[in-house]
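In what comes next, chain A is part of two complexes: it sits with chain B in the first one and with chain C in the second one.
Right after this comes the complex of A and B.
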């Protein structure tokens, strides 16, 4: 038990770091989801030019590691003269990054609905807007919920990357404590446990949504 | 009241409808029969523009659906999405695979369109829905989700859902083909009642007995064209074309008229 003394002394600092992790993830997940829905609609209904632009965007995001994007933007931003606090800078990058993946998840949800549902809605005289609102989205989002939650878990874990550009959250806090206490095993074990608790809770919620999505199917 | 004129429809290189013209009078029940691939289902789906077609026009009660002919230029113009959606309210369609909305209860399935598309007040829509459920014999299933119902029950809900929009024309696309034989009867009975009540309907089916008993007119299609049409008695006992005679032979042999 003496071995864990460094952790027992510093856990509260780590908890604060976790708070920042959650803040960062929360701030990124909202715009990422909103943008993801918009992009999915563009992908399904948009005209050629819009869809081509979207394809380029998806290529870039899926072809470049998030860490590289974060570092790139971190050093690029001051040069462009945009005066953005680093916190918001990384939130923007992470939102744009995850929006791409979320849009693919939402698109899959929409496209996996049988044509029959569209036929039925259309033949009842529904306009596209109404169809999407009461027939397509409720079903598509239920289908997309489990992979969406997976992406949210991934996003939470991805926040650890911002420590490389010097932003403070749980991983950065852990590194600071390790530097001070020279007890990397104990401290990172603590950090791992905290990450695990956050992510496991999210994953459980995802399983709950998955079970709920089976209602009516 | 339904007038289809010269409808041509291709899927890629495959010309499925080769210029079909069909008229249906108000209150008439027309049954379309024919071999698979003859274009029967495509024909039905062209009526309410679930399938887009290259040539021809469709009008219901004089109102064009999907495409209109410009009176000045004679050009065939596609109507706006809003106009098309509005004209679809006049036409009810029931599909082979019921196509109920699985995330809504039976009652919600039936009232969704009247409330959201027609703006009918909820109380009135629900009252009408319950009447329709009684009509198809499913009053006790209002709160169930479609997944809990048998195929025949789902199909009857689908009929009620289509009727809830007060259509002038009902289309039935092989609605019993996916059902267990013992469930077929209840659906056909509902359709027969509708026909007796004077609903204008076009029915694509393989159920020859239904065609004989309920149709005012039978249309035989093959290869994308109407080969022959006539009254059921005449079609079944003395068809004019050999192809029709051949097609009905199996039925006639079994159920000697």
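Right after this comes the complex of A and C.
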């Protein structure tokens, strides 16, 4: 056990870093989800120019690494004179990035509903608003829940990238501890274990949702 | 930007090398893991644990464990080799899951029919099961190839001079930030689009297998 002494001395510091990781992921996931839903609706119901603009947005986001965008904003923010704390700069970039993937998940949820659901709702004389609210959304969201959760896992993992642009969270905290203790193997394994606990819990929840969504079929 | 392009393209060569090596190795490694997962006993358990472990921890941490951790224990790897190893370990988990989905989508009757014809396990897999799996996994594999290309940017964190690191060095040495990032973004978009197109073409070629 002596080998893991450095980890036992500094686990509290790593936990604080994990708190920051969760805070960052939480702050990004809310706007990403909201924007994702809006973009999915634009994709399904929008007019042609709006849809084309969305296609370009999706193409760009899916083709460029998140790290490039984070680094870009990191160098760009001081140049533009926008007085935004780095934390919020990172949260904005991550939200915009993940919103694109979220929108794909929600769109797939909406589009995988059979046409009969739309026809039935329309033949009952429902307005579009009512139809979406009580027929389409409840079913589409249930279908979209499992892939949504795996996106959340990916988002938690992606927060580790902000350590490269100098923000403090779990990965940065573990790097600091490594510089002090010179025990990279133990400390990074400890950090990996913390990430695993967070992500595995999320993934299990996703599997539970998946099983539950299959019950109705 | 024209002035920057040669340097960026030099970085892009490393990016492409890393991505292609990772993808090819993962195609084999992921299949082994997926077959191990579908077997019974300890091996399945180990393979399942591996997949969960790599899918639920960040690539960056795996990169640090391999690059800094291994050199501490006595067998240090170069940046490129550490990056390649970490990329393969991480993406192998995802590729294995893709194969597993493909294996599960082949109906049990195909196995039964093969066995009824007296095929050995090896013949059954190589002539009946795997060709169907390969045709089905191409779209998700294409997505995985694209995400591998994007993942290679993280290797910049251990100072491998791939495109992302080249860009950082240029920005630090006071080249125009906008130009550098526009150049990098364009090259990444070209690479990922190319991967997407190749995937589409292969999918088209193998459409008969469905």
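Everything that follows uses one rule, which is that the second predicted complex is superposed on the first by the 216 of 217 C-alpha atoms of A that agree within 3 Å, B and C clash if a C-alpha of one lies under 4 Å from a C-alpha of the other, contacts with A are read in each partner's own complex, and residues count from 1 in each chain.
Basically, contacts are C-beta pairs under 8 Å (C-beta built on N, C-alpha and C of every residue); 3 or more make two chains touch, one makes a residue touch a chain.
Keep in mind that what you see is a predicted model, and the values were worked out from it rather than measured.
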Partner chain(s) touched by A:142 [first = chain B, second = chain C, both, neither]: first
Which superposed partner A:126 touches (first chain B, second chain C, both, neither): first
Contacts of A:35 with chain B and chain C, given as first, second, both or neither: neither
Which superposed partner A:61 touches (first chain B, second chain C, both, neither): neither
Contacts of A:171 with chain B and chain C, given as first, second, both or neither: second
Which of chain B and chain C A:195 touches, first, second, both or neither: second
First, second, both or neither for A:108, with chain B first and chain C second: neither
Chain B versus chain C as contact partner of A:134, first or second or both or neither: first
Chain B versus chain C as contact partner of A:117, first or second or both or neither: first
Residue contacts on chain A - larger count, chain B or chain C: C
Common interface residues of chain A - those touching chain B in one complex and chain C in the other: none
Residue numbers on chain A that touch chain B, as the complex places them: 116-117, 119-128, 130, 134-135, 138-139, 142, 215-217
Chain C to chain A touching residues, read off their complex: 52-53, 55-62, 64-65, 68-70, 72-73, 146, 150-151, 153-154, 156-157, 164, 167-168, 171, 177-178, 181, 184-185, 188-189, 192-193
Contact footprint of chain A on chain B as seen in their complex: 48, 50, 81-82, 85-86, 88-89, 91-93, 95, 97, 99-104, 112-113, 116-118, 145-147, 161-162, 165
Residue numbers on chain A that touch chain C, as the complex places them: 59-60, 62-68, 71-72, 75-76, 79, 153, 157-158, 160-161, 163-164, 171, 174-175, 178, 182-185, 188-189, 191-192, 195-196, 199-200, 203
